[in-house]
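In this document, chain identifiers A, B, C, D and E correspond to the written order of the chains, with residue numbering beginning at 1 in each.
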């Protein structure tokens, strides 16, 4: 079983042997039009290698408060259903729940979304995608864990294939319990999140950047075929 | 009378040509052409003939003074001589060619010499 | 020296040779050469004396008796020229035949001497029967000389010839004797005088029949279609040096014999000559299309050319004084070129047309080849060109349009296969073979080249229309032939200096319209040539071709009369053809270019000829006064000609390949500059002729439709191209459609818009071609989907393309918008509504392909192999930057160029002009202030940019795979770059409009021609007897036809 | 019609009014659409918050030079278009920069923003951006045609290309509007209008999940904020052209608000009723329905 | 069959032409202008009794020169064509049946007579029927007789060639002399016309005709010899 490691602590688990990098990411030799042979290293040449930065709040508190208010009132959710809980999100768009009246809407691209709802259990395979998507969102960004599975694995607590504790891998701002939580619970959760943001506590992105090594180590511990740059810009 | 010989000449030409156009054997073609040439020569001399006159040689029988009244037209005669010689030359040349052609293909069939076409 | 000595020396030497010991071959050979040289010298002496006027034509009597009682010869100008041609051909052939003659000994030399002598005799004699004798001598010596060939098949060819000549001589003799009977004489002039005097006995009844036999027998020696199978076999299998004689000397002699015979027949027989000549000309050219052996092809071409001259003889009645000039011009050009080509073929061991590719390693020989081809096709500066010009004018003046049309059609087909062949020589893989570079052979070929150029000069002098070879630009271009050994950079500097200097020299003479074209051609040409500094080495052949094109263009815009215009047109066509042909894969495209261009040129020729109605020189301004009967035809012909150059839809299929496959610095020349020639033509045409009705249809309205359709379809096809240069090429079709549309609006602003397009299209198309060319140079591909993401590596090229596409799509604030603005104002005052719909549609479509161009090349994903690319070479970028600067300047101050032109156009269309007040340009309908637009846009842009930078200055720069990819990551750049079939939905919706109907149409035509050729070839079975059949059949058919239509 | 310095504050004022009106108007339209679906819809001020939030986001990435410039081009296009068209008829000041050019300038300047946007989207290297651009361009070429025809028809009708003069010709009662004097042209233009508003049935360009909202896939933060700003200015600028050409223009701001709203509503009404067209379907639709009407319009003028 | 029909068809067409000539032919009753001139002036001008000879050698001398050339040319070409087919030394000689005694004896007797007769014919060409061609052919027939007698007999090619060449050269030279000394090329009046009807009359005609005779004889001989020496293809 996984050992509990606090953020900032060094991961004491023994390193697993690294798997060979996928073929497509290995350096390759190509011939240029003028006949030279050059080596292309995909991970270096095609991806930005910079680590994430911590973005401080605005200088003036009042400005930051205004901004946080705006951020809270304009929650753009990444349209990425990671697990079975995603089905509970759809009703929010319907006349019965109509989340839009709270300034909540869905965006298809992580670039434009601020809120990542991890909707239920997260298989290891999906975790990889979730990490990528999360990292491609812009600061400030928020993560909401949906349902028991994101808290402790829920009914999949002993599954070989799902992660058990979401906050080891992504900085979670809020959990909404239940299996599944009803749309009303989701709405309540979002309103709660708004409060957190307005209070200036929605700094998950900065937390992630500060403890980047720790998160990365945790992520890599479960994702054995880590075939991407450390931070997906 | 003169028309008969002329007609005979024309007939010979046509016969010769018919032979040349229908016989595939090169030698036969050459012979056919000599027949046609003969016809031509016959026509040639016929044209110069004037009824009741004599050969254009001035001698006792044909005094210089009234030669113009006594002789036939000498020009076709001169021409036919040339024509004969030339015909002979060409015939000889064709024969030589025929020999060479036979040498290359061992046949005298004209329709076998068709490497060049189109 | 009495001309009879030509005959006496020929014979005497032949007899003398027989006397020599067979071992003294070298001596015999030397004697032969000396004899032939003396014969030539005598002929040359006479030619000189006669042409300088120091002596008149002389009669040479033999036997001390006057004709008609003895044989007489005549030496006049024509005789002297032909005799010289024959003897010199004989001499050169003797030089060329050195090896076989040394092998076969003195007899072969004697035969050659006699052959030469007998051809000269045919020309000189004035006696029918003597003609027969010389003919038989020629036949027999031909039978002997055929055997000089190494080709075993020559034997059967010689025999076939003998068979047919037997039949011929039978008819000839019968004809002669009955003619003698009818006319009482054997003297040609006597008989002619008798028949001309209406002496009933000569040409009535049997006299006419006799003449028919004589005539048809002589015609048979001209190898008329279809009774010419034997001749082709000889051409193919005989020794090339002999084929040269057979084509040049024998052809000339036979033609002259027929010409003499026609003196007897009189004008009544001329139509027969015309019919036979024309059918031979066209049919032989069609048949030549499907030939693969060089010598047989040349044979067909010879037959065709002789047919052409025969057809010209058929026009004797209306040519008058020019008869010798025209017939001589065509005949001499043919003789020199054909002899030269045969000799050239004698240096090559293989017979396939494609094996001439070996010549590409020998620039001098290639030049010779090009000269010969140009001579045969009748391009300037060769005699055929002048002859063709005069002939067309004479025919058109007399209303013989069918004859003119067929001659031009045949000439076009001939140009087709000759230039195809030239293309093989330049572009095909050279087989492993050696060109025989013996000095005497090459020397002979070069003498022919020199003779061709010399004759060109002479004919130019004689034409009375202005000698093309004295035009300074052309001489400048030709001087590059001599300078070709210099390094390319030096030549480039000279070329640029030449263009600029010529501009400065001619600047004062230009009116505003010509000034615009002059600037584009000369200064614009110089700017594009800057890019040529990039090339290394010597770049053989580039500068003569390019400068030939520029020379043609420079001469075009200053041409005052139709001849100067047409000559310039042909020169620029030829130059640009060579230029286009230089591209790696441009062989088929260059071919279709030259065929379409020559087709267009012929249309122009016909148009001018119809317009001039015999007046020469015909000032271009005179087009305004063409009578209403001819005006629509003139308009249609000229417009069709110009449209081939502007690649209007239907005549456009040559353009994409030609422009796309050309070299990097050639594409902008042929696109940015060359296309303007067609527009210039349209300017001239519309300026002078204006609106013209054809059966109630307004022709400018038709042009409007063509312009609109070109714009639409050109643009539409451009968006589906994967090849960047092809895309630009199709876009040119569209752009030219716009310009044509503007011109056809026939109002002030329409013309102004067309002029604006002239300028803009030059700038941005040159710029785009250069930058795409530079990129293609670096990336090694022209396929856009293979590129991508080059913006950071080639920023300057990107800027050029960016500015180019903004300008081209007409988006404000760059200069393209000015064009659109003028365009809208122009159509406001026009009534043609429907074509506008199409133009409206094509505008946004241009946007599609332009975006595709910039997107798929510069944006998107950079490929593995391009990661280390450098910016395009300096010299290619430099002109682009100049263009960028110009475009921006022109966008702000369009008045600099347009204001004067606007005023100038006011002299044609006083109404609907523009008003230029301060910064604003006002038309009747609207207004436009380029400076204000630029400032407003710039201010807004800068403010917003500053705002964004303030907000976003810390943005993290990421790399190309840092994109959101449905929670995955890209795999490879190739699969991530959306570029191939970029406008797939568009293809689904409107792709049916781009069905290659036009290509299929023209393909169908060429297919039909080739099919006809292949079908007709079967006629020539190779059987000598069948050939005899052909001849007899020919005689009968001509008899039935000619007797059927005559009393 | 020349430049005066006073025009600058008025231009800014116009801009201010239009931005605010646009923010509210688009929210209102969204609300209307929501109500059609039985939802309550966003708060009327939601657009302000979204805009503010996007400007306030802390981090940003850039794919390169053109990526950076894309939104600037886009917004310049919107603002420029607004300023090049006279907003209020009869007001020299609210004619803004229309002295720089006439109707043709306005029509062609529409493309300025699209071009820049497309270039920026292209440099992001995202295939979906390119696909979106390809769809958008394909669709707009055909959608523009009826508009061009209609514009030409009325230019011929009024014998001028000046927008101010076209408006002037329509004064004196609503029966003088082009809508009634040349209904065919107006129909054609309005059909074209539907195609250019990026609303159903012509919004496949932005297909949200298939090609995550197409061209702006990679845009975020301040870039997106600029584009959102444009998104409120640009449709109004376009509508102003339509209003001026076909609906008699506006001689004061209230009329302006009403007419803009009404015209905007056309596309919303159609949008909430019809499902989405594929690109080739919409091209064919324009070919079959809009273009013939446009041709009829120019033929009978 | 088709080819025969076609031949008949075409020849019928040609026959129509000939028929036209034939039917339109009306025999002259008087000499035409040219012929009359010859009849009236030959004796005075050229001094030749045989008008045909005068025409052939002088008036139409150029034709005759050409004619001679035709023979020369044919001989040369035949030699050229057959050159490669000569019997090569070292290959087995043909074996032919012996010719009969009659032929042997007869030819020995006849050859000198034939040659003599030939010479007579061409020397008297300007007086009597006959002339260079006829005489030359007669001379050559003696050669044929010799070859018939002994097909393997070899003649001196050089000798024949020399005769041929020299006579030709002289012929041309006389022609040119006419140009220089008399009225034109091949004018026979470079020599005195002499007594009409005598052997040494008519200027250069007898000489020319003799040369023609020699030449024709030599040429025919050369052809015969060449044809005879040609081996059957192996």
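The working rule: a residue touches a chain if its C-beta (ideal position, glycine included) is under 8 Å from a C-beta of that chain, and two chains touch if they have at least 3 such contacts.
This one's a predicted model, so the numbers in the text were calculated from it and none came from an experiment.
Counting only chains that touch, the fewest steps needed to get from chain B to chain C is 1. The minimum number of touch steps separating chain C from chain E is 1.
Among the remaining chains, A is positioned farthest from chain C, on the basis of C-alpha centroids. When every chain is reduced to the mean of its C-alpha atoms, the one closest to the centre of the whole protein set is C. Ranked by how far their CA centres sit from the centre of chain E, the chains are topped by A.
Of the two interfaces, B-E and A-C, the higher number of touching C-beta pairs belongs to B-E.
Taking each chain's centre as the mean of its C-alpha atoms, chain A lies 71 Å from chain C.
Our note on geometry: chain D versus chain E, Cα centroid distance of 106 Å, whole angstroms. Rounded to whole angstrom units, the spacing between the C-alpha centres of chain C and chain D is 53. Averaged C-alpha coordinates put the centre of chain A at 37 Å from the centre of chain D.
For chain A, residues touching at least two other chains, in rising order: 48, 53, 109, 111, 233. Among all residues of chain E, those that touch two or more other chains are 3, 7, 10-11, 14, 18, 21, 25, 28, 32, 34-35, 38, 59-60, 63, 66-67, 70, 73-74, 77, 81.
Counting partners per residue, chain B has 13, 17, 21, 47, 75, 79, 82, 86, 89-90, 93, 97, 100 as the residues that reach two or more other chains. Under the contact rule defined at the top, the touching pairs of chains are A-C, A-D, B-C, B-E, C-D, C-E.
Within the complex, the chain B residues that touch chain E are 2-3, 6-7, 10, 13-14, 17-18, 21-22, 47-51, 55-59, 64, 67-68, 71, 73-75, 77-79, 81-82, 85-86, 88-90, 92-93, 95-97, 99-100, 102-103, 106. Interface residues of chain B facing chain C in the complex, by the touch rule stated above, are 13, 17, 20-21, 24, 26, 29, 33, 36-37, 40, 43-44, 47, 75-76, 79, 82-83, 86-87, 89-90, 93-94, 97-98, 100-101, 104, 110-111, 113-118.
Every residue of chain A that touches chain C in the complex is listed here, in rising order: 24, 28, 30-34, 36, 38, 40, 42, 45-48, 50, 53, 80, 109-111, 129-130, 132-133, 136, 228, 232-233. Of all residues in chain D, those touching chain C in their complex are 1, 3, 55, 59-66, 68-69, 71-73, 75-76, 79-80, 83-84, 97, 99-105, 108-109, 111-112, 115, 118-119, 122-128, 130-131, 133-135, 137-138, 140-142, 144-145, 148-149, 152, 155-156, 159-162, 212, 217-218, 221-223, 225-226, 278-280, 283-284, 287, 291, 294-295, 298-299. Per the touch definition, chain C reaches chain E in the complex via residues 2, 4-5, 7-8, 11-12, 14-19, 21, 60-65, 68-71, 104-105, 107-108, 110-111, 114, 118, 121, 125, 127, 129-130, 133-134, 136-137, 140-141, 143-144, 147, 174, 178, 181, 184-186, 205-207, 209-210, 212-213, 1029, 1032-1033, 1035-1036, 1039-1040.
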